[in-house]
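What follows are several structures.
One chain, chain A, appears in both complexes that follow, with chain B as partner in the first and chain C in the second.
Right after this comes the complex of A and B.
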């Protein structure tokens, strides 16, 4: 499953990092604590968060995450967009809340 | 090979710059990705700690064919009780830092997990020195 495959189902809008759209998704991690993501997220996972500052790209890049989904229509900060394009880590936003995004993703990923 | 990187305390827009430049060098040196990944994660956490908790710092990196050694030296409040600081969940991060998603109290534990050797020494009121060493080759056997 690739990011491109879930855009419609999750009502996602790509903010930046289009270069990473072919990244393979292996799972999902939900957290707003950066060190928790560093400690517990695994390579290839989608990261759902409400943090929008540029350190989320640093963390996603360190952990080789597939992409970042911002919830509740949040937008990324300017520095985040720049870094996301440089590192080819897609940042997407959805109008859904964390519970709904995670729920839908759980169904999609579990089916595989 | 040896190089140095400065860290400005309080400046979260630059947090991670030292880690990402070390990552580039390790890539150029063809260090195995999983080995580079661990040391860069440990460095990132150490760098963020300087930004979040200290006033300024430097990162010294030494790489040879056997190991990568990173020394993070800062001027700052220091750590009075290192054992307590190492406990997962312990944090003195400010409210502002916590709102950015830092301050889970997991950084030092992540550094420990992602290094083969870690040593912290600190003088309260002066600063902290964190030494990290990782082997360049994966353990065999």
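Right after this comes the complex of A and C.
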């Protein structure tokens, strides 16, 4: 499953990092603590968070994450967009809250 | 050049967590007793106790750095200081418009009051001050600097509400005038574990919520005389001025 495949299903809006839309998704990690993501997220995972600071791109890049989904319609800050485009790490936003988007993704990923 | 002792992080009775004894009068008295020349008045997301404290402190020869301890959207605590009442007022408007409309419950969080020289309550803040502003750290940093203020991430060594606890690591290109260490940094050797902070000036302050905590640690400024500009210059190390933590 690629990022591009879930955009429609989850009604996601791409904010930046279109270069990474063909990234393969291996799983999902949900956390708002960056140190926790650094410690526990695994390569290829999709990261659901409400953090929008540019440090999220550094974390995603360090951990080779597939993409970042911002919840509740949050938008990324300028510095985050810039770095996301540079690193080709897609940042997407959904109007859903964390519980809902994680629930839908769980079903999608488990089906595979 | 002379050495001036500063404690730049002090809460007043306006902060819900600030002890009721933290009136401007008591703070100034305690600062004077501890031999401080400069104090920072930094309530959570409010500057409203600064003016009264500055007037009272000046009568005792103590200079007040006027500002606030801002809570960013990421829940990072940052100190912001301003040079004059115009910029301080502009920042208060920014705080008022970006703090969520969630009311304080005095039974859970405590009172949020401004008191005057005679310990009379002159203002009560209804909105919960310990909330986070609806603005990210980088946005707040830009706004503080647009008002020619000083922006200093607070108690960076703490495991909560610090830049490290909330954002994982020091962001690349962080535009900070200094980084503040908490009293605990005397023991936790934070500086030895995080060499990257050596790119910044550090200060150490008490984060006092109770009178006896004022001046428990301090920062020394080597400057010809005390002013906002001289303190800024000391943080930058301009022309032999310097800043040392104690």
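Assume the second predicted complex is superposed on the first by the 112 of 112 C-alpha atoms of A that agree within 3 Å, B and C clash if a C-alpha of one lies under 4 Å from a C-alpha of the other, contacts with A are read in each partner's own complex, and residues count from 1 in each chain.
Keep in mind that, in the parts below, a residue touches a chain if its C-beta (ideal position, glycine included) is under 8 Å from a C-beta of that chain, and two chains touch if they have at least 3 such contacts.
Note that this is a predicted model, so its numbers are computed, not measured.
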Fit-or-clash call for chain B and chain C when the two complexes are aligned on chain A: clash
First, second, both or neither for A:16, with chain B first and chain C second: neither
Touching partner for A:51 - first (chain B), second (chain C), both, neither: both
Which of chain B and chain C A:34 touches, first, second, both or neither: both
Touching partner for A:93 - first (chain B), second (chain C), both, neither: neither
Partner chain(s) touched by A:64 [first = chain B, second = chain C, both, neither]: first
First, second, both or neither for A:79, with chain B first and chain C second: both
Touched chain A residues, chain B compared with chain C: B
Offending stretch of chain C which, after superposing on A, collides with chain B (from 2-10, 56-64 or 74-82): 74-82
Set intersection of chain A contacts, chain C complex versus chain B complex: 33-35, 38, 51, 53-55, 58-59, 79
Interface residues, chain C side, partner chain A - complex: 73-74, 136-139, 164-169, 171-172
Chain B-touching residues of chain A, taken from the complex the two chains share: 32-36, 38-39, 49, 51, 53-56, 58-59, 61-64, 79
Residue ranges of chain A touching chain C (in the complex, touch as defined): 33-35, 37-38, 51-55, 58-59, 77, 79
Residues on chain B engaged by chain A in the complex (per definition of touch): 12-13, 15-16, 19-20, 37, 40-41, 44-45, 48, 100-107, 109-110, 113
